[in-house]
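In the two assemblies presented below, subunit A is common to both, partnered first by subunit B and then by subunit C.
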Partner chain A sequence: MQLIKSEGKKNGKRKTGKKAKAAHVTSTLLAASCALLGNPTIADDWEFDTAIMYYSEGDRVSALEGIVQAKKTFKNYREFSAKFVADSLTGASANGAVPQAEPQTFTRPSGNGQYTSNAGETPLDDTFKDTRYQLNLQWSQPLSERYIGSTGIQFSTEYDYLSVAVNGMLGRYFNNKNTTINMGVSYASDTIDPVGGKPAALSDLVIDNGQFSSQEAFNTAFADSRESSSDTKTTLDWVLGVSQVINRKWITQFNIGLSEVSGYQTDPYKFVSIVDDAGIAVRHLHESRPDSRTKQSFYSQSKYHFKNGIWDASYRLSNDDWGVQSHTLETRYRFLLSQNRYIEPHIRLYQQSEADFYTPFYNEHETLTDFASADYRIGKLNTYTIGIRYGMKLSKGREYGLRLEYYNQTPQDAGKTAPGALSTLDLYPSVDALVVQFDYHF
Partner chain B sequence: MTDSSKVSETANDIMSDAAVDKLFSLQSHGDYFQAKFSSMASPCEFLIETEDGKLARNLARLGVAEVKRIEHKFSRYAKGNLCDAINDARGKKVTIDNECHRLLTFAQTCYELSDGLFDLSSGVLRKAWRFDGSNRIPHQSQIDEVLPLVGWEHVHYDETSLQMKNNMEIDFGGIGKEYAVSRVASIFIAQAKNTSTLINLGGDIQITTPRVEQRLWTVGLESPNQNQQSQGTLTLRSGALATSGDSKRFLLHKGKRYSHILNPKTGWPIVDAPASITVASTLCVQAGCLATLALLSGKNAESFLDEQKVKYWSIRP
Partner chain C sequence: MKANYRSLTLLLLTSLLFTLLSGCSSLGASPWERDLLAKPEMSLNANNLDLSLDDHIYFSKEGTSGGRGFAGGGCGCN
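Right after this comes the complex of A and B.
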């Protein structure tokens, strides 16, 4: 038996050409080496990052988010990662209308039913409820000694929203890989399918205050305020970045970005109130935003390794043709408490100027412009975040972390004089939020 | 039957932590630790990218213990170990363990790939050849005396036992150091797969996973070129390096240089072999074997490696 076996082997060898055999040596040796070592020697396991986050604005929006990310590194540093995010949002969000001394009634976005705001408080639309699912798939690999490429696709879906995006990135190393230059582009195509249809820009919110002779008459009036059932939006983002290793302890990064958004960018559920000289809201208009937005941004980040800590600081400047300019300063310091525990305080400061068409309300005798929005998120706004993260490394590369953050958004007075009764009401209430996150890496 | 199955594969059975701690020094370099020790007649180091001293010490301990374990078990200089049991069996069957079987299987693959030139049993030729830089080359009669004791085909083994002719010897030195490098890498990956580490046993090197932020590891290397006294440094991102050959071990006779790489079929040195070959590859054992196969190819050493499409450095006298 053995003789026949070894004969067969020899015959096989003879048939194989010398060249072909030479090419086999490396792979045969690798297989033999792996067999010798008896267990996986190249780190090619799947790595998982999981997180669960709870966000709460108290009486407003609260969200629960789960994230699962899986990453696998293959031979030659080719890498695949998949990320899945599920969000559940509930609660109430400001609808843009001004507060009034009396309770106000608004039609729900669907046209079916109404909700009432409390006297003296910012009107909140309590219909806000959504579940978002997002999936990212990304592949990256070295293209040669000096180049690395990456490409990916992303799907995101909500009740009234669908987004598909593709991206590509090319990086080149210089100077012993101490310098990396990246260029990336991504393109997203979104479909917005607002509940109750897409309202006509600056059309009156139709409210049934008993003036309609029948439900049908209301329905007709409501339908008249709708332009179409859905709309689309595309986003093209470019980014050019440099990362530089200054020395063993210090690494920096600079990015410039350009973003072109075209299509429907109006929030279909937000209003701008028209008030009379006494400060009484007489009508509410559906807001309207331009269908193009060009944004430029600059970002720089530095990370420094100290003996017992890591300091991370970044600054971001963003500017767009809606007139929104923002500054973000962010810093973290990771105190290494012991060999495998750390605590990391975090501070983020954000300031933005208002969009040209932002207005907290319209005066009755003011001429309407084409675009108007009272959404505080594109108004003059300051926010800050303070937080702390505790991390613990376990054996075998496992790690968990707990993050606690306080987030404050304080809309600023954009300088519009509030008439009459409106002057006694808080047009710019601040919003506080709490974030709790637990994450686990394995 | 000589029983060597008690020789354990787990390092902890052999040495306590405290005993291992005495064998190495551990130093922090900011974002990484360096553990230095000496083994297999070479300066050795582990570089561990962490600021966690406890993790670094733990890894260094496990790594040093593993290197020492392999050295003790497979060194042909030690008495009473597995290698000694095999070489002292006088034609009898010797019990071997799984690790030994895996090493023999690997050696078998190398033997086949080299058409019989890579032969762990060729060590006895040292009885005829002494590479001390002198001009003393042996007589053919001296070679003829030991040549019958060389021949992998006379080594019969299975998963639990090994048997060979009386007076034959096996020398694991040809693969032992590279094996130790890759074994330590396996242990580091199992313990801390996301931590970048570099294992360097006298110039045979393997990196477990690349460093963060595309940083490179820098290691000092003794130049294999004897004319170059200065130490060189090498920067590495990933993979493994192994060197075969030794520019200091040769004989000069009547103007002809005899390298210490011997042809087990003739008992004479391989003609026109480079003084040393360094190969870069995925695993250290693989790189080491490629380097040795190249040396055994003599004047075709470089073209052999070109065909393998691996990165290499060759030094010719």
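Right after this comes the complex of A and C.
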């Protein structure tokens, strides 16, 4: 979270020797005069940031996401911003069931029809398709010489999900604006409307293997596995942050976050398999997660301006009462190739421990607990991202950028011994994704 | 055990915050030294569209979210 606004814009072209020194003095004086005198009566034009991103996991999910963000600064540094996001997701997503030596048949989430997984491969639900629209509106303004406030709303809607959120932030400057303390709160109310209804927790997936006398008999059994048509969830987030200017070239930030999630957090499309001693899946249960989750996080970020580059490094520690603890290290280095062009490599490393109720499968003789999920995303997991961004500034404040990223998820063995035939199959396959993005600022 | 761990983490973080704050008054840049910090690329959330797109990906694919900002994702993200 950051409430400090950029106070300047672009510099001129690269100069050498005395000219460079003169340019430096000029820019320093310019920055000083702006800071000392200010000019609160000037209102800027609208500024637009746009981006289009393509995400692909190859044979799994692919997504196309577009963003348009408009920002206008009014008199006295008051600022309005609006962001519109549209994304479209298609492809196949792991349904949580274990792989088997033989193809497996699953009922589609709607109850209408079936899909079959390949032999020896992680079962994927290929019915996954959704389009999401999101709108954010944010207003921020100085409240006095030392205080700045900001408030906003967010709507997000997709076929089976609706989210409405409000937020408010307050910042106070100290030490000649070198230190800023921010406090923010956000409240989100979500409605989940699963395709085919909300499955009863840990109920059996009803599959038509020819055992039903009629379609009606199947429909009745399927309806019996459903608890209701929809459910809700609320999220209350608190963030307390400090940003500190260390010196002319160095700025840091520290945040502490607290998040209270209450309500339906189960993934209605995920299963947990029950396997016998030979490793054969005999049933699949709809997963079940607790209806409350408390998360804490600590985030620190540092940014340093070298002569010809900018280094950005951050670390996040997160912990929650589901037992998921994670460490995230991220770094970017912007090589300033010239005054107008840069190239920026990016590395992100992420590691998480598994939720207490995560299990890749249940043994037939095991006693079921209240909560169970085989979703690898809350299992023991390591991921890394490597990427590169190229950016170029054009005239009149326009700028474009191109970004390419590779993202790898490697689920880890949580230590459960696979019985029989299951031991020869890959229960923790890694997932690779490629991200391509183009953005334009004007 | 978990509660103790949480209290300890909170205590450490709070101590760190106060230590940092007490040392802050001797740090900083004068208004006329802000030429580099004023560059948009020196903003802590520079390229904020990248950050927002990344947040959406990682919210959908990992068990943790938030930290830099709010944790709530506002999407089903299966």
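Methods note: the second predicted complex is superposed on the first by the 400 of 442 C-alpha atoms of A that agree within 3 Å, B and C clash if a C-alpha of one lies under 4 Å from a C-alpha of the other, contacts with A are read in each partner's own complex, and residues count from 1 in each chain.
In this section, a contact is a pair of C-beta atoms (placed from the backbone, for glycine too) under 8 Å apart; a residue touches a chain by one contact, two chains touch by 3 or more.
All values reported here derive from a predicted model rather than from experimental measurement.
Asks: When the two structures are overlaid on chain A, which partner does A:139 contact: first (subunit B), second (subunit C), both, or neither?
Replies: Neither: A:139 stays clear of subunit B and subunit C.
Asks: Of the partners subunit B and subunit C, which touch A:245 in the superposed model: first, second, both, neither?
Replies: Both: A:245 reaches subunit B and subunit C.
Asks: Which chain, subunit B or subunit C, ends up touching more residues of subunit A in the combined arrangement?
Replies: C
Asks: Counting only touches as set out at the top, which of subunit B and subunit C does A:47 meet: first, second, both, neither?
Replies: In the superposition, A:47 touches subunit B alone.
Asks: Taking the superposition as given, does A:212 touch the first partner, subunit B, the second, subunit C, both, or neither?
Replies: After superposing on A, A:212 lies clear of both subunit B and subunit C.
Asks: Looking at A:84 after the superposition, I want to know if it touches subunit B, subunit C, both of them or none. Which is it: first, second, both, neither?
Replies: Neither: A:84 stays clear of subunit B and subunit C.
Asks: Once the structures are superposed on A, label A:305 by its partner contacts, choosing first (subunit B), second (subunit C), both or neither.
Replies: both
Asks: Mind working out whether A:65 is in touch with subunit B, subunit C, both or neither, as first, second, both or neither?
Replies: Touch status of A:65: second partner only.
Asks: Mind working out whether A:192 is in touch with subunit B, subunit C, both or neither, as first, second, both or neither?
Replies: The second partner, subunit C, only.
Asks: Would you check which partner chain A:176 touches, where first means subunit B only, second means subunit C only, and both and neither mean what they say?
Replies: Touch partners of A:176: subunit B and subunit C.
Asks: Give me the intersection of subunit A's contacts with subunit B and its contacts with subunit C, in residue numbers.
Replies: 28-30, 32, 35-36, 176, 243, 245, 248-249, 251, 303, 305
Asks: Can you list the residues on subunit B that touch subunit A in the complex?
Replies: 30-31, 51-55, 99, 102-103, 105-106, 109-110, 113, 179, 182-183, 185-186, 189-195, 208-210, 213-216, 235, 237-238, 281-283, 285-286, 289-290, 293, 304, 307-310
Asks: Taking the touch rule as given, give the residues of subunit A at its contact with subunit B in the complex, in rising order.
Replies: 19, 22-23, 25-26, 28-30, 32-43, 45, 47, 75, 77, 173, 176-177, 180, 243, 245, 248-249, 251, 303, 305, 307-308, 336, 338-340, 393, 395-397
Asks: Help me check something: in the complex, which residues belonging to subunit A touch subunit C?
Replies: Spelled out, the residues of subunit A in touch with subunit C are 1-2, 4, 6-9, 11, 24, 27-32, 35-36, 49-51, 53, 55, 65, 67, 69, 83, 85, 87, 93, 128, 130, 132, 134, 154, 156, 158, 160-161, 163, 165, 167, 174-176, 178-179, 184, 186, 188, 190, 192, 235, 237, 239, 242-249, 251, 253-257, 259, 261, 267, 269, 295-299, 301, 303, 305, 310, 312, 314, 316, 318-322, 324, 326, 328, 334, 342, 350, 352, 355, 377-378, 381, 383, 389, 401, 403, 407, 409, 433, 435, 437, 439.
Asks: Mind pulling up the subunit C residues that touch subunit A in the complex?
Replies: By the definition above, subunit C touches subunit A via 2, 5-6, 9-10, 13, 16-17, 20-21, 24-25, 27-50, 52-53, 56-58, 61-64, 66-72, 74-76, 78.
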